[in-house]
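One structure is given below, encoded as structure tokens.
By letter and in written order, the chains are A, B, C and D; residue numbering begins at 1 in each of them.
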Amino acid sequence: MTPGPLLLFDLLLPAVLLWLAWRSLTSSDLFRAVILFIAFNLLLALAWVRLEAPDVALAEAAIGAGVTGTLLLAALTRIESAAGRRLSRPARWRPAALVLTGTALLAAAAGLLWSLRLLPTMPGGLGPLVDRHLAESGVDHPVTAVLLNFRGYDTLLEVAVLLLAVIAIWCLDEAVPFLQQPLESPLLTGFNRMMLPILLLSAGYLLWLGSHAPGGAFQAASLLAAGLLLALFSGASLPAQWSGLPLRLLLVLGFLAFLAAAIIGPLTGRALLHYPPAWVKPLILLVEWLLTLSIALILTATVIGGRPTGSRPYPPPASPAAEGRQR
Amino acid sequence: MDPRDILSIVFLLAAAPFFLAGTIGLLRFPDVFCRLHALTKADNLGLGLIVIALALQADTWLQSARLLLIWLLVMLSGATVAHLIARTALRAGRKPWSGRS
Amino acid sequence: MTELCLGLALFLLVTIVLGLIRIRRGPSDADRMLSAQLFGTTGVAILLLLGQATDRTFWWDVALVFALLSAVTAIAFVSRNEPSETAQQQRDDHGS
Amino acid sequence: MSVPLIYTAAGIFLFLLGTYGLVAYAHLLRKILAANIMGSGVFMAFIAVAGRTPGAPDPVPHAMVLTGIVVTVAFTSVALALAVRIARTSSRVHLSGRDEEQ
């Protein structure tokens, strides 16, 4: 039996999470929904801590607190400037439809919970299997070993998904100015000057940590992306000549490195993604470093939400008209 | 119970009221600026006391250094955010609360 | 010692629940952002306490990430709400 | 009352809450939030069920959920870009044909 206060904690946290999710979905004002969702993401990281999932907690904290919140707020600003700030209420349901959906959902819940009771608690799962082969994986931390070696295929395609996301976003629209008008606050520039090196160091720390403890490329990349976002908020942007081929190369670099490492296997008579045992460790480290750089840029590009135009810096500075209004 | 444990317990117990004060201030104070005031109390002192208590329990200097770093970062971002939110509220024309309005 | 850490972590979670009232009632967006900021700090405190109670200090890395990133969303909010706040915001505020 | 059971039940209810949100609202941003909540529910149930086995936590579900979180960010960003594009071109943020505010 878990000790008293811990059990209360485990009863209260899911309740708070459910309440936040419910309030986020049903609140009339959209901004309140986004803020409640950000609070939901913060507390979700606590749930992963209680479920003994350190890597997932790190990823949720880094991506949830850093990237998703900024992504939603940026999108909300653009949507409201285009479609106005109207409150939206749920669809007015005919009673029959409401009853039908309600019972369907409750039946699904009952079914799932019932099936949970029948689930046998089979011993060990895949943990012991991973631990047996951990030595050959080139890293000491099981989750990183699974991510980059045993199930490298998922991670390879996952980076491809991220790349596709950027390509899809770039097809839709050109980059709009990231801010209506730059936030010229001396405190912010001072804060950025202090925070950017710290974020860079912490990203390196998480990346180095990934080989023997919870951490790794994705968490490090979201920290780097958060640093880049901080820079964007104080008006920084990539000069025009860098936002052409060099940016595209950097975005694709991580995926290409992983692909090259994967292809070494078949070239040397092994299966795809089967790294030659001699240089497993350096190969994985190199791939992880390049992945971190590319994913950080990809996450930032998704927040900017538009393709770079050859002539202007990426994202373009605030338009002069907005500056005129600036006090 | 060696003295380190006792000191840690004292610091932990001392931290609780600051977090409570921060939250009650957040609920009771009349406008944004006072609430910002209450919020930063929880940051600086509440977390600071917890960090001191845990640093006493830490086995190596590295761990207490990590705790200190976390505390400094929270204070740094707390102060910056408090300034920026207050500035936005002020620019949006929100007057600070003044007596029975 | 661990009992006290767990008890305090539970107490901090209760303060987060109290903070939810401000998110619900907070008249202006700034108040809601404020409570989200308080959740971040209290989250760091809870993580530190849980790390100490369960004797696994890698929870402190999660606290480090929280501490680093708590400012990013708030700055996103601030840059969104520059002087172009609508009048609706003013009416909202007289409620407090 | 084991800890994983609580979180599995919470995960299931989060998923169903998200399903309701996805169905009930026409506003695109709400549908994206609902989809994220559904994803978090599935991940929580998955890791909670994986946590039921005794001994050290099983790394494979953790790796898969980590991948899932990153993919969730990817699809959220594309969905938001589409929503912004729709808002810009049709100055409306819902797809339903009826014009009244949904």
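What we mean here is this: contacts are C-beta pairs under 8 Å (C-beta built on N, C-alpha and C of every residue); 3 or more make two chains touch, one makes a residue touch a chain.
Since the model is a prediction, treat every value here as computed from it, not as a measurement.
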TODO: Name the chain pair with more contacting C-beta pairs, choosing from A-B and A-D.
DONE: A-D
Open item on the list: What's the distance between the Cα centroids of chain A and chain B, rounded to whole Å?
Closed with: 28
Task: Distance from chain D to chain B - Cα centre to Cα centre, in angstrom - done: 32
- [ ] Can you check how far apart chain B and chain C are, centre to centre, with Cα atoms defining each centre and the answer in Å?
- [x] 11
Task: In chain A, residues with contacts to at least two other chains - done: 50, 76, 183, 188, 191, 195, 198
TODO: Mind pulling the residue numbers of chain C that touch at least two other chains?
DONE: 33, 35, 64, 68, 70-71, 75, 77-78, 82-83
Open item on the list: Per the touch rule above, enumerate the chain pairs that touch, sorted by label.
Closed with: A-B, A-C, A-D, B-C
Task: Footprint of chain C on chain A - complex, ascending - done: 3, 5-6, 8-9, 12-13, 16, 19-20, 23, 31-32, 35-36, 38-39, 42-43, 45-46, 49-50, 54, 57-58, 61-62, 65-66, 69-70, 73-74, 76-77, 85, 179-181, 183, 188, 191, 195, 198-199, 202, 206, 209, 213-215, 219, 223, 226, 229-230, 233, 325, 327
Task: Residue numbers on chain D that touch chain A, as the complex places them - done: 1, 3-10, 12-14, 16-21, 23-27, 29-30, 33-34, 36-37, 40, 43-45, 47-67, 69-71, 73-78, 80-85, 87-88, 91-94, 101-102
TODO: Please give the residue numbers of chain B that touch chain A in the complex, ascending.
DONE: 73, 76-77, 80, 83-84, 87
- [ ] Sort out for me which residues of chain C touch chain A in the complex.
- [x] 2-3, 6-7, 9-10, 13-14, 16-17, 20, 23-24, 29, 32-33, 35-36, 39-40, 43, 46-47, 50, 53, 56, 58-59, 61-62, 64-66, 68-73, 75-80, 82-84, 86, 88
Open item on the list: Touching residues of chain A toward chain B in the complex: what are they?
Closed with: 183, 185, 187-188, 191, 194-195, 198
